[in-house]
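One chain, chain A, appears in both complexes that follow, with chain B as partner in the first and chain C in the second.
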Partner chain A sequence: MSSVSLEHIYKQYDGSDEYSVTDFNLEVKDKEFIVFVGPSGCGKSTTLRMISGLEEITKGTLKINGEVANNKAPKDRDIAMVFQNYALYPHMTVYQNMAFGLKMRKYDKDEIDKRVKHAAKILGLTEFLPKRPSALSGGQRQRVALGRAIVRDAPIFLMDEPLSNLDAKLRVSMRTEIARLHRSLDTTTIYVTHDQTEAMTMADRIVVMKDGEVQQIGTPAEVYDKPANVFVGGFIGAPPMNFFTLDFDGKYLTDADNGISLLLKPEQATKLDEAGYDGKQIILGIRPENIHVDEAFVQAHPDTVLDGEIVVSELLGNESQLYCKVKNHSYIAKVNARDHEAPGTKKTASLDLDTVHFFDPTTELVLK
Partner chain B sequence: MENTSRWSRIKSYWNRPNHVAYIFILPSLIALLLFAFIPVVIGLGMSFFNVNIFFNGTKFVGLQNFVRFLSDSRAINSIWHTVYFTVLETPVQVLVGVLCAAALSRNTRFNRFCRSTFYIPVVCSLTAIGLVFNMLLDPNIGWFPHLLTRIGMTAPDFFGNAHWAMPTIAFLTVWKSFGVTMIIMLTAVQAISPSLYESAEMDGASRAQQFFHVTIPQCIPALGFCVLTNLTGSMQVFDQIFVTTGGGPNFKTESTVQYIYNRGFAAPYELGYASTVATVLFIIIAILAVGSNLYMSHKEQQMR
Partner chain C sequence: MKRTNKHSVLSDILLIIVLISVVFPFLWVLLSSFKNEADIINYPPKLFASHYTFSNYTDIWKTIPMTRYIINTVIYAVGVCAISVTFDSFTGYALARMRFRGRTFFYYVIMVTMFIPFAITMIPLFMELSKFGMINTYAGLIIPHATTAFGIFMMRSFFVGLPEDLAEAARLDGLNEFQIYFRIMLPLAKPQLITLTIFSLMGSWNDLLYPMLMTTDQSMRTLAAGLALIGGQHITYYGPVMAGTIISMLPLFVIYMFAQKYFIQGSAMSGMKE
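Presenting the complex of A and B:
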């Protein structure tokens, strides 16, 4: 059993008068795969480093396996860590790199040998054991870094953007490899990335962060389907969610300047009305795949059309991304490849109202 | 007309990157030639002659000077003294320099103050420092022996006692010059990626273990350079001995360079024989330098 719990964790760096991490709360369960995701500088790596012990906690309580660990040295926390730039010792062979942590912990030679060879077998590194890191490719080095964590047999793994130095193709294959390792090793893993695809594909739960604050914690599906605020909606998903700031008059959502007028469903209108938005502004969010351009859909939904013009279009093979503009407002539609059109074409689109999200324009929080 | 075009052709030739470099190194090349290469060649040649400083009675004697060297116990002893000094000085100096570099690697105000302070003796003249130590350690008027007597100890005659003289000279040399090693090692230590230390910390390595398993192996090239320059420098020790003990007591601290000086530039002014001793010293230093260089580059190869 291994668990990590963060209670009201704050981080303030010396000489800075702002918090880099503010009121971070999270309960990581045994064997869970948690991903911290957010733009650079959002405090996700700082939080990870506070869990590892490489960074001091300014305020709050960190518990590992139920025990307060704020002042424990990194080596006493039962944690293994994989660094972004691998941090392999250049002067040691692959074998020595993997064995170093065990050697420092005074394991006997046979045990070290057994563990290193076992880890090398799992990772396909056996033939590289006598080589030095400089003789390896990026992907192989990444595997050595993983191997260094595996031999430790620690119940908790921390990974700080481990794939960001790899090329796109390798990243995808290492992604599945890490997911597979997590399943077979049964470790509790906390993984930091700025790549929302990694977060979506690997996580049991995602922690979305911005400016040192947690925006939302949830399963990948929850975070995608029920974003807690405008930021999460825009950050998770590629291309990002479209946002329209519109006036609500009890029935219609309109943007007179850009000639947008959408007739809401009665139950939606009632809900907004009850929430007190009559005569006020509201932010409507809709994912690109929920803006349709095929004729059948547009004809069936004539009350939610956008008469836009395509500015840029990207054909991706099975689908196409149309970057459109209606007067001064841009939006992206992700459509079937057969609806692909060249830039400059006028294209009428219609929104699928069942999938839209409403946000308050001042707090930017979702309206439930 | 033709002249200008020839001039511009010359100009463009010497402006090419791999040609212009020669122009840049030309001044130091000339200086090296005049004050290093040519004197070395002359010195090598002179070691086969009997020649005094007045150049009268110059005579070619072949290897006779070298034969004389082998039976000259004062010359042989001077080499042992030099080796003794080097063995005392080089390891301590490098060690102190490396430890200081590792301890002061972070850029705090205190560390920067220490670094500048430790470097001050480097820019002072060895002769001046030797004279200051002479006074500080003087058994009659010295401040340090005075302090020792105050706490109830008897101070040895640091420069006058055969056992103490060489270690004392080595100490003042370390004190004067470890700043150079410190600065060179500092740049090497600061170039080490901090993530290696973090990784070592996660691996459970203590500060001392991090020093031996990360810092030292990562600094091997710089360390090699420091050992090499130190070794060759120590083998040519002269100034500090000349102004403190003058080679005494009873020639016990006479270094090879000092013996060369005493032979060639003091009575009996035997430039030829002095050159012979210099040649022998040259060969010894060359062997040491090439040997340590080979060893270090082998180590470096291993570390890659």
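Presenting the complex of A and C:
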């Protein structure tokens, strides 16, 4: 059993007036794959480093396996960590790099040898064992860094943006490799990334962060389908969610300046009415794949139409991303490749109202 | 290889001129050490003599206590080198990677001492050592040179450039700060340490003024000081001086030949993503 629990964790750096991490609460279950995701400077790496012990916790309680670990030295926390820039010891061979942590912990020579060779086999590094890191490619170095964590047999893995220095193709293959390793090693993993695709594809649960605060914790599907606020809606998913700030008159959502008028479904109108938004503004969020341009859909949904013009269009093989504009308001539609059109084309699109999200314009929180 | 570039021809010529001007004095000393006195002071001077002799090399051993001088020089140079390279790398590491109050202040103070010429500190230093009774002692020769501002500056510059992740990975591997220094950082600093060792050895081995000032006793003199004082009041025999100079140059020359590849080596970043 290995669990990590963060209770009201705060971090304030010396000389700073503000908290870098504010009231972070999370219960990481045994064998769970948790991903912290957010833009640069959102506090995700700081939180990871507090868990590792490389950074002090200003306030709050960190428990590892039920024991308070705030003041435990990093080496006593039963964790293994993979760094963004690998942090391999340049003067040691791959074998020595992987064996070093075990040697420091006074493991038996045969045991070290067994573990290193086993990890090397899993990672396909056997032939590189006598080589120095300088003789390896980026992907191989990152695998050595993973190997160094694997040999430790630590129940908890911390990974700080381990793939961000790799090229796009390698990143995808290493992503699957890490996911596979996680399954076969049965470790509890906390993974930090700014890449929402990594978060979506690897995580059991995602922690979305911004400005040191947790925005939402949930499974990839929850975070994608039920974003807690405008930020999460905009951050998770590529291309990002479209937002329209519209006036609600009890029936219609309108933006007179841009000529947008959407007739809501009666139950949606009632819900907004009951929430007290009649005569007020509201933010409507809709994912690009829920804006349709095919004629059949548009004809079937004539009350939610946007008469836009394509500004940029990107054909991605099986689908196309149309960057459109209706007067001064931009939006993105992700459509089937057969609906791909050149920029400058007028294109009528229709919103699938069953998939929209409503957010309060002041708090930016979703309306439930 | 065909050379048509005017620029490279010109730079070759310049290089040859510089090479000759640098090498010529050494060549003169080397050849003169095998000449007899008449050939050395012959006017107009001639680079090559009519006949060569080893007698200067035997004479120098009879003229001055060469063995004593060599022992003194080795003790002085190796002592200074070992202590200062150790302390310089300690201090450089602390100034580069440890957080403590006054770190920047101490660094600047150390740097400022680099700009004070020895001529200014010479007399106070002599008086100080004299008060402590350290004139004519190895301690007096070595201790004031136990650290150098240049060495600290050089080691600090290197350690500052090492990524913090390395230390953090080591910390997670269970190393304490001393182990991080000795097992991770120091091995990476090998080229810098060797360079600093050679600089330090060279500096002390060839140092003239300081050992001359701090030793009055013939038995405590170093090679450089001893050779400089070889000349009598009215007459100087140049042949033995040239031979002594060649003898004193040899060890450094050999060390440099073995260690020069480290001068330009820097492999510290190779395990990291640059």
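Going forward, the second predicted complex is superposed on the first by the 368 of 368 C-alpha atoms of A that agree within 3 Å, B and C clash if a C-alpha of one lies under 4 Å from a C-alpha of the other, contacts with A are read in each partner's own complex, and residues count from 1 in each chain.
What we mean here is this: a contact is a pair of C-beta atoms (placed from the backbone, for glycine too) under 8 Å apart; a residue touches a chain by one contact, two chains touch by 3 or more.
Here the structure is a predicted model, which is why all the values come from computation and not from measurement.
After alignment on the shared chain A, the placement of chain B and chain C results in a clash. By the touch criterion defined above, A:G43 lies against neither chain B nor chain C after alignment on the C-alpha atoms of chain A.
With both structures placed on the common chain, the touch criterion links A:F83 to chain B and to chain C.
In the superposition on chain A, A:P74 contacts both chain B and chain C. Contacts of A:G308 after superposition on the shared chain: neither chain B nor chain C is touched. After overlaying the two complexes on the shared chain, residue contacts for A:G138 are found with chain C alone; chain B is out of touch.
Touch criterion not met for A:G285: it reaches neither chain B nor chain C. Of the two partner chains placed around the shared chain by superposition, chain B and chain C are both touched by A:G101.
Counted by residues of chain A touched, the larger count belongs to C, out of chain B and chain C. In the superposition on chain A, the residues of chain A contacted by chain B and by chain C overlap at 52, 54, 74-75, 79-81, 83-85, 87-91, 100-101, 104-105, 132, 134, 148.
By the touch criterion stated above, chain B contacts chain A in their complex at residues 193, 195-196, 198-205, 209, 213-214, 217-218, 220, 302-304. Remark: chain A residues 52, 54, 74-75, 79-81, 83-92, 97, 100-101, 104-105, 132-134, 138, 141, 148, 165 touch chain C in the complex. The touching residues of chain A, counted against chain B in their complex, run 52, 54, 73-75, 79-81, 83-85, 87-91, 100-101, 104-105, 132, 134, 148.
Of all the residues in chain C, the ones that touch chain A in their complex are 163, 165-166, 168-175, 179, 184, 187-188, 190, 267-273.
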